[in-house]
Structure formats: C-alpha cells, structure tokens
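Should a chain be cited, it is by its letter among A, B, C and D, assigned in written order, with residues numbered from 1 in that chain.
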C-alpha cells in the first residue's frame, strides 16, 4: 500500500491513517437508521481518529422491496428512503477541519436475491420528475431482484453478469444548522452516488460543526455513470472504513484520493454547474497544495482533466473532476 | 373586497377567510429569530384558523448592515442570514391540508435609512457564485443604505425614487423531516422572493406535518424580476397576515390568488425546470378545480399564460405561472 | 406619438424614423418564402432607410394545416417550417450598424378559421423533445383551427375569447457567414417569439453583413409567456413596418423600445443564461447611453428590472429584460 | 484487427470497411478552408465508399498564433475560426443513409512549437462567456506554444509531458438547409471535441442531404474531459480516414464504435440534456440492433453505462454515452 503512505490522509491526519481502534455499527447497535443529515441527531457512536468502523448498511429501501411483484409506490414511504448509519461523532473534529475516510472494504450481506433496482414514477434521468415536470405519463413501475455476490457480481440475466464493483452511494458530514434529506448531495457529501467512492479510496469530507457527525449508507453493487434510472444495484452490506481527522485543513466540498488520481466533487444543477464547481475546486487545490499557478492549472486541466458523472437523477447532480497523480505531483 | 368573497380562501377555509382573532409576534415576543424551516423548532405561537397575525420582521441581515461603509463579509455570518418569524402552529393543520395566508398589510419600521441592498462575493445573478463557480474575480463589495417610507417609496438617488411595492420575500411551512435554510425556496415555500406575495394576495402553502409550522420574514420594499444582484431593498416591517386553514385540499407546491389571477409557484434549477414545474401545476389545478381537460389547458396557456420570475439568485430559482381569472373562470 | 419623437429611432436613424417611401412584399412579390436566415439568399427587395414595408406573411405552417382532423406529422415537412418574408436589403447598412424597425400594424388575413395551434411530437415545453430526450411517450397530436379577427380576437371556445394581441414571432437580420433555421432565435433575432415585438414598438437589430438582410414572419394573434406547447395562435397577416438604419450604433443582440420601457433580448439555454444575457446587455446599455455606472445599474435593476419570457420551446429560449423609461431616463 | 471485422462498418457498409481507393486533401488541394458546415459549398472532392482519405488539417487558428506574445484578440478574426477540410461528396449518399469514418491515423505536422492553447475573452468553461454573460472582468489573455511530437507527446513544462493522444475535434456532415459555424456541435456532428473520435475508432454520421458533404478538422494532440478553457492542444496534422457508406441505416445523431464499446453522442444545453440525448439514443440503438427491451436497456445502463464529456465550452455541450461490447453483445 505504498501510494497510501504518501496520501494526504497518511501524512496529515491525526492518526496518520493508521488503524488504532475498532468500532462497529451492526443493525442492533445502530438501532434507528436516519433519513436526514443533521447535527441535531444524537450521535450513535463516538470514536477517536484512527478508528476502523464496521457498519451494517441497509439497502436504499431498507429492505422493503422483496419481490419483483412489489410496487414501489405501495412499499416505499417518501421521505423515509435511503437509510443512513450514524451519526458518528469524531472526537476532536471542529468546523474547518476535514474528516478522512479510507474505504477498507464493502461486502454484500443478507439473503438472496439481495440486489434491487426499480423504476418508480417521478424519478430517473429519462422520465418526467418533480424537478423536470412534464405532462407525459410516467413509465410503468418495474422491480428487479438480483443475485449479488462479491465473487461473481450481479446476475442481470442468463447472458449478462455485471462485476461486483461496490461503492458507498451516500456519505458525508452534518450541515451546520440544516437537516437535509439523505436523498440530496451537496457541499458536505450526502447522496453523491459517485462510483469512485470505492474500496481503496480515501474520501475527504468538510467538518461543518463540532464532532463532524459522519453518516454513511446506500452501498451499490454496481452503477453506471449518472445512475440513469435513479436506482443502482442497491444492496445491504458490511462496510468497513478507517476514519481519521485532519486538523486545520479546510475544504469547501468533498475531495477524493486513490492510487491514481486526486478528485474534487461538485453537486449542483444544471450539470454544467456541478462540473464547474468540481473543476474550480480542483484548480484551487492544485494552486494551494501542488504549487500550480491557477491559470496554468486551468490550461493544464484543459488538456488532461477527467470528469466522472456520479448521478444525474438526484435533487443535485454530482460530478467528480480529477487529475492524475503522475501529472499533478504530490501534495505539499 | 368582492373578489375575496369568491376566493378559495373565503369559500373553502375553516374560518371562511374571516378575521376572528388576533395575535402578534413583536421582536420581544418572537425572541430568537430562525434560519431554518423546521418542525423541530418549538412553535413560538399557536393560533386558530382565522387569526390576524402581526409580525415585526427583521431585514434579511437582522439589522447588521448599518452604514454604507460596512463590509458585508465582515458583518454577516453565514448561514445566519434571512431571519424568520415563527414557527406558528396552526391548530388543526395536518399533512395534506393547506394553509391560506391573506396578506393584509406591510408597513416599514425602524430608523432611517432603513432600506439596505448590497453586493457581496459569490452571490448574485451576474457574478460567479458557489453554484456557478468560475475563475474570475468577484465584484467589489458595495452597500447602499436607503431612505424608505410607505408614502414615498425608496429614494435611490436625487433623480430616481422607486414606489413602495412591498412583499414577503420568504414564507412557508416546515418540511416533514428536514430543516432547510431560510435562504432556499422549495415545494413548501421559503425564500421565493416573488413580488406577487404582496398585500391583497392570498398565498396557499402545503402542510407537511401536524401544525404546519408557518414561518415568514425577509420583506422587500421593492424588487425587480429575478432579484438580480441577490439583495432587494431589504427592510424591517410590521407585516400583518390573516391565517386560515383548508382541510383536505392538498397541493404540491405554493399557489397564489389575487384579484386578477391564479398562480402556481415552482422553484428549481435550471430556470426552465422552475417554469415547467409552475406551468405543470397550473394545468393540474385547471383540470382539478376549473373543469379543463389537461391538454386543452396546456394549449390555452400557450396563448395566455403569464410567467413572473421571482429570483434567479437563490439555491433554487423561483417562477410563478398564472392565468387570468377572466379566462380560467372560478374554481369549483 | 410623442414618445416616438424621443425614441432612439427618431433621433439617431438615417431617416429620423419618418416614412419616406413605400414598398410591399405580397405573396406574389415574395414568391418563395425562406426557412433560413442567410445572406446567401438573393434579396427579394432593396429599400432605403425610411421605407414603410407591407408584408403578406404566412402562418408558421405556410397554411398546410387546414382542418382539425389534420395530422401535423403528415402535413408538415421539417425543416421547411416557419416561412419568412425577405430577405430585404437595406441600402447603406454595414456590419456594426443597427436596423430599426417600427411595427406599424399587424392585420389578420386569409379565410376563416385562420388561426392554428397544434400539439406535435418532440416539440413543446412540457413534453420530451429532441433537446430534452426522454423515454416516455409523446402526447397525442391535436389541432385547433380558430376564428381570429382583429376586432374580436381569437375564439377559443364558447366561453373564452382571447383578445387580439398580435406580434411578430420571428424577425432578424442574416448572420455573417451562417444560414440558420428560422426556428432558432439568437443574437441576430430570429424565432424569438417575444410578445413585446408588437405594433407600436421599435425593435433594433444588429447588422452582421452588408445590406443587413431583414427577414420577418411567424405572426401570432395571441401568445402566453413561454409559448408553452410550442405553437401560438399562428395566422397569416398583413404586417406593416417602417424600416430605418442607425449608422455606427453597434449592438450585440436585439433591443426594443416602446412607450414605456427599454428592453434587451437574450436567447440561450439554459433559461438563466438567456436572462443573464438580457440583463447583462441592459446594464451595458444603461452605462453606455444613459449615464449609469455599471454596478449602480446592476443594483438598480435588482429593484426594478422586468423579465418577459418569450419562448421556452425553441432551440434557444428567449428572455427580454427591461427598465421603465421613467427610471432609466432618456438615452443620450 | 479482429474486432473491426465484426464492426457495423465492416458488416453493413457498401465497401465492407475495406480500403479500395485513395484520395488526399493537401493544403494545396484543399485551397480555401471552410468555417461553416453547409451543403451550399461546392465539394472539393468526390469519392466512392471505400476511399482512404488523407487530409492536411490546420490548427483551429489556421496557424495565426505563432508566439506566446501574440494576443488572440488581435490575431483572430471571429467567426473565421476552426477551419475545416472538405466538403467531400460521398458518391451514393442520400438523406437517411449513414457515413462511416474509420480513423486510421493522426500525425502532427508543421514546424515546432506546433501545439497551441490560449485563454481568450468570453470563451471557456470557468469564465463569463457570450452565453453565460456576467459582469465580472475576463481573465487576461494568455498563449502557450508547445512542442508536440507523436513519439513524446506535448511538453507542458520541465516536469510535465502529456502523452500524444490525438483525435479529430470537429467532424460531420452538412445540415440539409442550414450552414452552421464549425464552432458548433449538433446532430450532424461538428465541433464535438470528443476524445473518443481517435485513431482506431469508427464514427457514424447521419447523411442529411445528397452526397453527405463530409467536413473535418480541428485535431487535438491532447484534451481533457470538457476542454475546460475552450482550447485544447491545437495542432496541424496529417489525418487519414477510411470513408464508407451504409445505405438505409438511419441515425439521428452521431454514433461511435471502437474495440471496447458502442457510443452515442448528444450535443445540447444544459449539459443534462446532452447526457439525456446520448443515453436516449443508446437505448434506442440497443433496442433496434441488439435485441433489448427499451426499459430493460434503461435499467441495465443504470448499472453499467459510461459517460464521456466532450466539451463544456462550445455553443452546445457534447456528451458521449457508451456501453461495453462485452455487455451489449453484437449488433444484428
């Protein structure tokens, strides 16, 4: 894990990115799951930086969809969707700090078929929605229940099996004074649905209030760019993350680092504004920590920047902008 | 007040739109003002339908900007902006009901110059913002403190005086489980900045949770379409509204009625989605309560619908779509 | 017509806004109508500034829809839609000049029912389109043929008659090197569908190339803001305009002046960009010709600017931003 | 080249994707380069399907920027930008057919430093533009002239060299009746700036009019997703393509095929509409040629679709949506 030794987490965080303690949030320990990102919810757990945290996450429907003959409109109860583990209080975290979360592993759990994707009215990228309200009729509801294993992936049909490429769909800290639905992504993280938030990566989340209040959930077994119909391969998991704290490193929006690249994450509408926000922050980062002149970074990213579309279906769209480590160099 | 007798409020609400009681929220009675729309805040007042409520509202900066030499970035403390009176519990209000608020009057209060508008970084319709993040430098901060009276209006300079055309910039109910910044407009109302929310009009607000939790504030002495630089003529007021309750009339987003027209209000991004949402709901309304076929309403609004742009600067843009009463007829 | 004497047209144009000659483009004189705005088309007419030009315009379908049982998909032949009169060469017009067009009158012509509006697939503001491509099915086609007179207006049904409020839907000059479909609005004018382009107003159009190449057509008997289903009350007319030329007054996008206000017109997507463009140009105009500081104009329009939505259905959306003459003063 | 034998070009095109003839467009043979996509321009060359065509392309500035001290605003003459080779008439091509272009190779030409990128006013993804018109000042102009070779790539500075990853920035057919600036991408191709249009790929272009009128130019030595500042590593090249014709295969917008995936290409604003258009067409394609049910394809792409952002700076944004061949199977 040589790249990790050179990561911002390993070099700047309180526990140096090391695993120094363990904690867990099983279903029983979690108790009630949550549907808002809020610092008004009493923390379910308090941990020190350097804690390895193992969470039993639910799927986005909290298991309510059990059969392909289920009707989402009958089984689901908006806004009680996308249940989150947490909040976890990080000892020492204050506004202006950053929480670093290394994703150690994601393993599917629960009885088969444990994967779920659905079509439901007013949700999705190619249908009328609450935000893009049109006169035309919705698509019929449809449910797929799918066999998912870490070894074989997701069995779509007799011919197609999708590799198991899990990631955390929703992760973030609490806003300072707001309580925002876990269906929304924004500056604090949340429902970004960005496939790069995967095992092996470190995500950096801005602390808005004392303790940080880490939430996570909504793990996907596979997802394409944009999460087109609005529902990836939702599945319950055991997700293990290492949580650390970087004091005094202030970021405006989530950032991510893995073996290959540095990424900034923007969530906004229209989609170009999400892309602008991501690239703008990447330039700010390259100037602050990598020694670039801002305009030089702007011109250089024109030649080598990469865009990853997270979601094009949530209340804000999410876009990651990245630069290869081989180009950017190493953060100071 | 003949049109009012035929209004939905007068015909459908519990108190028939009549003034049957009085209540007030002076600064002292209000105590702490609020910066989120939330049902987690204990109600400051509980009223029956038919109550005339008189509120001492603050300006959007809670009076922090007192001189043209003030720097907004030094005086303001984000996210503690746009202070709201309330929440007011409406006895009998349940999810699925609608609160009707007739705006009786808005009167300026406080010492002169009581009007304020400013330019501040990352906010406004023609500058880079947090949502439309660009590389170019912000405009210099600027503050205008302006003489405002109900009789003469706002004195802009020696040559230009703007008539006093007050309205409530921010009004709404609490979301069911979220606590949303009072800077945001959405399906429950909030920071719509729509000049039609003016004395003489009735605004209808969807109830998301028991008691409704009415908030209001952010009154403007004048505002153009779009609230272009992001800050209208902000001023403290005495605002008097009559609050009533319509049982079992469920609306998805705010609606408005005045002497001349029926209006639906959409808040979204991009702006076309706000317009789509407003027009979609107007068609739904025309079909449900005025006897139109939906497609006929769609074709008719093509010929006579009117669009009012509220804001083009807040986290969501707000658009009102309206149809003349002379065309739509009278709601059943 | 006192306001006109003080208009920019009357004060700056070559012929002082006076009627000094007459010309016409009857159907016979026009011959072939055109579907692109292009300087490659030989002018059908050459006129001096100060010419009163009377045009027999076709409706947007060139009369192809004659019965409510017609199917637009069978009768219409895309891209041969929105036929235009012209091009008219304006003697003396050079790139950087501006053509001023005073709209004298619009009178319906042709046999009844002469008004047409339709629903057709992939076009309209509340349906999936080529630009907002979705999976849901289109609305069924529908045609309305309507009785239209200048005196009574448009008879929608037994109960509803819409007043005759005619305007020119499509008017502009040729781009320098492009030939753009008459379905598109842009910097040179074109299919703006802005109801303020009505009798009594002056529209100013930027000259891109020698002779200017004025086109016009697509007159509407009535239209709501946004032209929601994409097709207003289309009708053939006799449209009379006075055409003049302002040498050396360079504008980037169309502007308009009437008795009450000055307006700039932006066409773009998303809609906020159309609004930004219109307001940005209005500020530029207020600074250049009315003595305002740009930032002061920005703050003032925040309080009194007005937005008119033209179309929300064409390949670019069109928005007019205006300021009252009583506030802006008189152009230098 | 086994994958190619199974390509749509090899299986469906008139010349089976084979090289049966040769032609060239050197600077001398081309003569005047073109700035619009138009069928009104006399073809510079007429070829049969199966012709290998070698073009000397100019850079986007036709070589006008020769030094880092040049000012783009002084050297460039809008709209005479982005010069195109062609138009090439394809014998037998009729409206409703599709032209298949296999990109054989792109080789840099011209004297060093032959690569150019610039910052110019009102153009770029993170600055105010003609479409996103703001009040803030533009960035200062800046020019980079860069050493580019096929072997080493682009030397950005002492530390950073970008690999040579060339592609065709602008390629397409003529619209039926329009003449559109070569700065614009749309349904016929044009200025898509999509890095997948690279050696080894086949791009499919819809024929709008007899002969097709193929244009190409604007080759980039490297480009990041979005072409952020608006100007990639522009450079003159020798570009060799094999051109073939597929009779009776009608596509609405450009498609692409390479060893790994099938891609559809959407150009629109806002960016979500470009993504919608691309995914919508991919679903249509999967249903028509690969045997998928449309809703199944929609749900499957939710799990495995990929988005490539071409440009976020041109008059329309361009997005490619793709599906792996290993998932989609082989086109019928």
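Methods note: contacts are C-beta pairs under 8 Å (C-beta built on N, C-alpha and C of every residue); 3 or more make two chains touch, one makes a residue touch a chain.
For reference, the UniProt names are A, B, C, D = Acetamidase.
Bear in mind the structure is a predicted one, so any value in this text is a computation, not a measurement.
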- Identify the chains in contact with subunit A (Acetamidase) as well as subunit D (Acetamidase), in label order. B, C
- Note on the structure: Between B-C and B-D, more contacting C-beta pairs sit at B-C
- Message: Distance between subunit C (Acetamidase) and subunit D (Acetamidase) based on Cα centroids, please, to the nearest Å.
- Response: 34
- Message: Quick check: how many Å separate the C-alpha centres of subunit B (Acetamidase) and subunit C (Acetamidase)?
- Response: 34
- Query: Between subunit B (Acetamidase) and subunit D (Acetamidase), what is the separation of their C-alpha centroids in Å?
  - Reply: 48
- Task: Would you give the residues of subunit C (Acetamidase) that are in contact with at least 2 other chains, written as numbers and ranges?
- Result: 126, 132-135, 139, 269-270, 276, 280, 283, 295, 298
- Query: Where on subunit A (Acetamidase) does subunit B (Acetamidase) make contact in their complex?
  - Reply: 35-36, 38, 40, 79-80, 130-135, 176-181, 187, 266, 268-270, 273, 276-277, 280-281, 283, 294-295, 298
- Message: If we count contacts the way the header does, which residues on subunit A (Acetamidase) are in touch with subunit D (Acetamidase) in the complex?
- Response: 117, 119, 124-126, 139-140, 142, 144, 154, 156, 159-160, 162, 222-233, 269-272, 275-276, 279-280, 283, 295, 298-307, 309, 312, 317, 327, 329
- Where on subunit C (Acetamidase) is subunit A (Acetamidase) touching in the complex? 126-128, 132-139, 270
